[in-house]
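There are structures below to look over.
First subunit A sits with subunit B, and in the next complex the same chain sits with subunit C.
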Partner chain A sequence: MVIAPLVWWACAQEPTPEPGPTPLDAPRLLRRASLDLRGVLPSTEELEQVRADPAALDGLVEGYLDDPRLEERVVAWLHERWHTRVDGFSAAWYDYGLDARDEVEFERAVGEEPLRLAAAVVVEDLPWTEVVQADWTQANTLLLEIWPLEVLDTGEGWRRARWTDARPAAGVLVSNGLWWRYPTDLFNLNRGRASAVSRLLLCQDLLAGPVRASDPLTLLEGGAEAAIREDPGCQGCHSVIEPLASALFGFHWVDEYAVEEMTRYHPEREPLGALLLGVEPAFYGEPTADLAAVGAAVAASEGFEACAVQTFAEALWRRPTGTSDADTLHTLRGQFRAGGLRVRALLRSIVSGAEYRAGVVQEGEALSRRLLSPELLQSAVEELTGFVWTAQGVELLDEDERGFRTLAGGVDGEEVLRPQSEPGLTWALALRRLAEGAGEHLARRGFEQGEGPLAGLGGARPGDAAFDAAQEELIWRLWGRAPSAEDLAEDQALWEEVQVLDGEQAAWAALVSLWLRDLDAVTR
Partner chain B sequence: MGALPFLARAATLGERRFLFVFCDGGWDPTYALAPLFGHPYAEMDGGGEVATLGGLSWVDGPDRPAVSDFFRAQAARSALVHGLEVRSVAHERCRRILMTGSAGEGVDDWGAVLGAKAAVERVMPHLVVAGPAFSSRYAASVVRAGRGEQLPQLLGGWSRLDSDLTVRGPSAGAAAAVEAALARRLERQLEQADAQSAAVARGALDALERAAVLEQRAGELDFGAGEDFDDQWATAVECLRTDLCRCAMVRFAGLYNLTFDTHAANTLQASHFELLFQSLGRLANTLDSTAGPDGLALSESTTLVVISEMGRFPMLNEQGGKHHWAFTSALLWGSGVRGGTVVGGYDDTMQSAPTDLTTGEVSAAGEPLTAAHLGATLLALGDVDPGEVGSTPPLSALLDL
Partner chain C sequence: MSQALWLLGAGCAIALEPAPTPTWAPGAFEAAARAVVERGLPDPWTLRALYLDALSAGDAACPGSDDDLAPPEVSLSGCTSSSGWTYAGVSTFEETGTPEEPDFRMLNADFSITGPSGEALRAGGSFGFRGGGQGTTRWWEAEVMGSWGTPGVGGWLDPGGGVMLYARLTGDQAQLDGALDHPDTPLYTPGLELGACANGGADGELRLRSPGGVWASATLDCGCGFLEEVGQELGEVCVDLGPLWGALAGEGGW
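After this line comes the complex of A and B, so read on.
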């Protein structure tokens, strides 16, 4: 039998077992994968399945990779890196005649547009290169109303759309959401945007190096423009930045606060790049006729592929990668390439690895405990209790003008660029209030409305079969492990104490809130 | 030479505190702090002139009298640092470099480090009322107040929180029972978990304990700062007074929140500096008249650090503004600061003039100053070995320890 070379090569690249952290047990690992890939807790049945047969875990995780809820997870991961889900842009809801109540929806729609495009590429199992080459984007009803888009798919929510303003086929490189987040002005001339392309898609941070002219007099007497063109110290970075910036002038806004300017693409301004910057568009020395050519050049670059691996590895490992990860990342990159640059294949490789499955870590960079992000906390809480913490329709763990996103450890994309990895004071406070609200809500549902897992528990006490069953079921579902004898003893003491004070409904609310704040609930 | 009415003394009790004032946008030091009249490239405001008191020199201008008012009153407690290189001209990156000494991610700003390494454990080691903050290793020591009074809302519980779904919140007794149960559980997990999990449990327990303390004292505090600068620093001063924090960060955004980023109409710098120094004067007076936890005036133990992420290009552009410049100045005031001191300078190309770190004077044998020098100086003021964070030595010329 002849094995196709690609298959042979892919098989040859299977990761060899390596010493390292002790793997997490199957139920907890299933919980981790379910939250990471679907944003929800695993069902009781799924947990039971892997408890009985740990080998069943891989099959379940494989199913998670096909779950449509993976899209939301990709959006969340990429926001942590691309930082577009911010709480304000130069254009606002009132510029489009929207209602004030639409403010957050507007901001999220704008900021998510590039993220949704990328997520669609992942969920539809397209090559990752489509992110910079797609002739479509994703839009929701609000964006379809305000931007020059024609819908390509029927249905609700985010769906495929195409720009109608002659912008080239370049995926996120022609995204309004991306360039609204990374605006420019008549002085910067898209240089900041070029830097953003390099950082976000190639993981090359051109601003990490010192900004220093070799000859200050060139800078002082000729100005910054002269120094950029002539000074060797400046040319070190600007030899890359200028040509890339030159390609972005379809997004050149004469008035950077005019919504009409910001809304549509300006193909007639594309030649301004060469005129104002004095260089023709190019990508690392390769001439590019337009943004579509830039997208193709980005897609073909080594950095693009490596950056994708780094991006998704960091998203799932919940820590920055470093030199110690070189071997693992190299292996992942090989698998990514072998999988046709499909991110789902990459995700499969990552979640199969020792780093991701770490349970007990004695040395190295792997994390055994990773704090849940605010959106995962909300998701887990909502699923278990039905409680969604919103105010006037705004999800308070997803926003910072009124909400608690950064206080709960999340990323706002402007001042907080990395998720919090350790517990902190405001994290503890936000978690407490979330848990209190959720516990009360679940108890109310059970005792006042006769629904949910606490329904019918009136009169049941610790030690009763119904009480104990409900307790163990909820903990198992929430933590992915059975409660210990000490856990049960503490729970019983708390329930009885609060029951005396405020009655059994309040006692259950207290118990649930305690469980929601346990380490096994708030980490994965 | 004017009389110096006050001499800065080292804090006699307790630790030094820090109040960071971040002036957003990149100020033009030549409008207030750096009298570079006669410099071959620095275009100075035509209405300004150099003013001097003791060893301090600044720019006096008819449209920003508050600058001179401040320095005439506070020269003996003020020091200026010039020529700090921030190695970038991008706002976000400059902020990071100025406040951490590094352009990379995964770094902690000076407030986070000072807060984390305080000898005294406080509920909020570094309180960010407003403004930027960078934390990584010491993230747990940083407490953000939130853009819209979120911290007091969280502290106040469900009587202050909003929710579309009805939430009354637990009774005081039930809440206390849950907190106690959670603390016991975390302590148990501390003992049983692997090293990494134990660290998370320890952090959670520490956060729980600090939150409980802050909750008890929440009624004493007014976190309703919003964007008003005076309200922001009033909140910070209150937290310093009550020893809830060691460090605090506030943000000044200038006239109409336009910030100092004057790519056009550089004359707006005058308005920004006028407002800034009016408020700094009030702040200095407040620190003088407010007793700290040791019974002494807060000014005895508090160092004010007034910074901006970058400077402005020496010459005006076609729009009458100034673009970004990778060199800036800083103002330090108060405890531990050698008053009447100017450290560093700008050379003929408006870059950092080599400076003797011991004397503060420009010297060919010295070294150009960077944000890391400023950070090392603050760490030294805070009794933290600068060597723990980096290899850059402090500006000992600034220290009056």
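After this line comes the complex of A and C, so read on.
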């Protein structure tokens, strides 16, 4: 029988691999990487370079990983996960005798302290474990004035500092900014903070699962404290939470609104955890003498390493990871480990991968588009046009009490915990206003101040070389692709209409505004 | 370098991890304990006096009260009286006792008071005292909680720090438990009893934290006990807490 060998032969062949995503073309991919790693659009020269030679892309992206603007990107990514850039804390600017005009600066300084520590670890190419083991933090001038810190680096802006109140060397685990964002009270006793450590640094959300006591009578008769200690259903999580919470009592405050309590570490209260919770400090069963030991235990845990990979992959892929990503994440984790747990090496692996570079996901499907976050929109628009959308001294895409951060798809860290991934109504409204402001600003710079890409275009009309060149270059820079003849013709017709009504400056403002609202502009 | 213990015949080895080098030593513990108690305690009577004196320097517009800091007179960002004293924050103080049976309480304090010469009282927490009797029937109980500081007055309050102390005196014996910050060696005790021993020594557990964050403890019996650090016994200590007893048993009470 010849059938059996044929069947055997068919079964012995390698399975046909599933077709992967088609990579984005080089200019659009360069644009994506430039926005992600630097927060700005690539220059015209850089776009031309990769259009002529796509192989030049990797070298340019490698340079982006060394760009100092990577720090701001890391701060933005980590806020989307750690949620510390909130618009208010229990202590306020007036508690430190600051001026009301310092309110936003104060809130951002506090909230960014742990993020800046982590970002410094990334940009200085230190092992990621330093995030939970550093004997330093990052502080700006405001924090150096109000908190018990001594500066270690000279210079302006965020710089290295050390706490002077005897707090252990444990990186963000002894960060005021982190524990102000995740306060506790005399009933919760640091359990919420322990859960935050698990969620932020180990990617284990202990509150995600059902909270169900094995025996409801334990709850009725003994109350929550008894259930936590005795009920197996509760012990599943609390066997981890209680010992970790027990290690955090240097941040135990007798009044959760008193700034004197919140400002300083309280070493004298470290033994209270064992007294009030009835368990000695430990991390997943491993006794820990102090928070420094907790940091070391966290750093050594597999979950910490895996969570770092997940955190930065999600930041760059702009979506949650899932089961289908298991193979890719496993590979990235091996590369991360091989790179000495340095995040820049991890970022290099991620941006080199197929998932990051995906263009057309499936034959005939739309491009793999990732919405620009509001802070990315602002930084890209500012670099291109010089426009910063502010009111009363506040950047409106960075704040929610006066601004439009969450309306524009951002994360406020309290109610909105994930960035928006799809266009929405408020997003569209915020984008429209940003685009209008940026268009007017760029046109004013060009026509009234003789600056920028619109300078010298007075009197130029569609069809003139100067007009057409400016139009094509701005679109090329903004979208990362050359405009079609149809695009150009439609724009020029609009320009003519507006020019008749309001003049050429307004006409250019209208075009720039329109380009900024194009799908190719607001996604990458 | 680990030590290996071979069992002859069995041919197996048991490797023993060497004990970690201790941070503390008996003499250092005794000296540190003495230094902590010599610095004194943040007592409620001193806090009461500092607070009421500071408020008395104000006027009807600011802070507008003899014993509380509250809006509208005192805004969140503070106010400055005609005498130049600045009051910012909130506080609620009440006093219901008599000179024979004092009873006063700072229910909540979250404030900063600054005098024209730079003197300051910063607070975040509470304190209270009540007592009565005389001689062998004398009694009081008191607590100081939170963070307190007033540079320039000397003692524990200069520069101050964190505290969670509860104390009680009954006749000629006192009990103290809680936590006390110190620039070098913070202190914690789950319970000390003073006055019961003929030699003046204390009974109970005393813990001190080294500048590097290592805690050591001694369970005292009339002032002496064995020092322990992470389960290692380091030798006998005899801790002189005389100044502590003096602070608690003195005239007027803690």
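Throughout what follows, the second predicted complex is superposed on the first by the 500 of 524 C-alpha atoms of A that agree within 3 Å, B and C clash if a C-alpha of one lies under 4 Å from a C-alpha of the other, contacts with A are read in each partner's own complex, and residues count from 1 in each chain.
Simple rule for what comes next: a contact is a pair of C-beta atoms (placed from the backbone, for glycine too) under 8 Å apart; a residue touches a chain by one contact, two chains touch by 3 or more.
Predicted, not measured: the structure shown is a model, and the values here were computed from it.
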**Asked** Since both structures carry subunit A, what do subunit B and subunit C do when superposed there: clash or fit?
**Response** fit
**Prompt:** Which partner does A:Asp400 reach: the first (subunit B), the second (subunit C), both, or neither?
**Reply:** first
**Asked** Between subunit B (first) and subunit C (second), which does A:Glu46 come into contact with in this model arrangement: first, second, both, or neither?
**Response** neither
**Which of subunit B and subunit C A:Gly97 touches, first, second, both or neither** = second
**Complete:** Counting residues of subunit A touched by each of subunit B and subunit C, the higher count belongs to B
**Request:** Determine, under the contact definition given at the top, whether A:Leu275 touches first (subunit B), second (subunit C), both, or neither.
**Result:** second
**Asked** What is the contact status of A:Pro267 with respect to subunit B (first) and subunit C (second): first, second, both, or neither?
**Response** second
**Message:** In the overlaid three-chain picture, which partner chain does A:Ala166 touch, first (subunit B) or second (subunit C), both, or neither?
**Reply:** second
**Message:** Let me test your reading of the model: by the given contact rule, A:Ala292 touches which partner, first (subunit B), second (subunit C), both or neither?
**Reply:** second
**Complete:** Shortest Cα gap between subunit B and subunit C in the overlay, whole Å, is 14
**Asked** Which parts of subunit A are touched by subunit B and by subunit C alike?
**Response** none
**Item:** In the complex with subunit B, residue positions of subunit A that touch it
**Value:** 185, 187, 192, 195, 207-212, 216-217, 219-220, 223-224, 320, 360-362, 367-369, 371, 387-393, 396, 400-404, 406-407, 415, 417-418, 420-430, 432-433, 436-437, 439-441, 444, 486-487, 490, 493-494, 497-498, 501-502, 506-507, 509-510, 513-514, 517-519, 522-523
**Fill in**
Per the touch rule, the subunit C residues reaching subunit A in their complex are 76-78, 88-89, 108-110, 112, 122-126, 145-149, 161-164, 179-182, 186-188, 190, 207, 209, 211, 213-215, 230
**Request:** Enumerate the contact residues on subunit A facing subunit C in the complex.
**Result:** 92, 94-95, 97, 100, 166, 168, 254-255, 257-264, 266-272, 275, 289-290, 292
**Prompt:** Once bound in the complex, which stretches of subunit B touch subunit A?
**Reply:** 41, 85, 87-90, 93, 103-106, 123-124, 132-133, 136, 139-140, 142-144, 146-148, 150-151, 154-155, 157-158, 161-171, 173-175, 177-178, 181-182, 184-186, 188-189, 193-197, 199-201, 203-204, 206-208, 210-211, 214-215, 263, 313-315, 317, 323, 326, 349-351
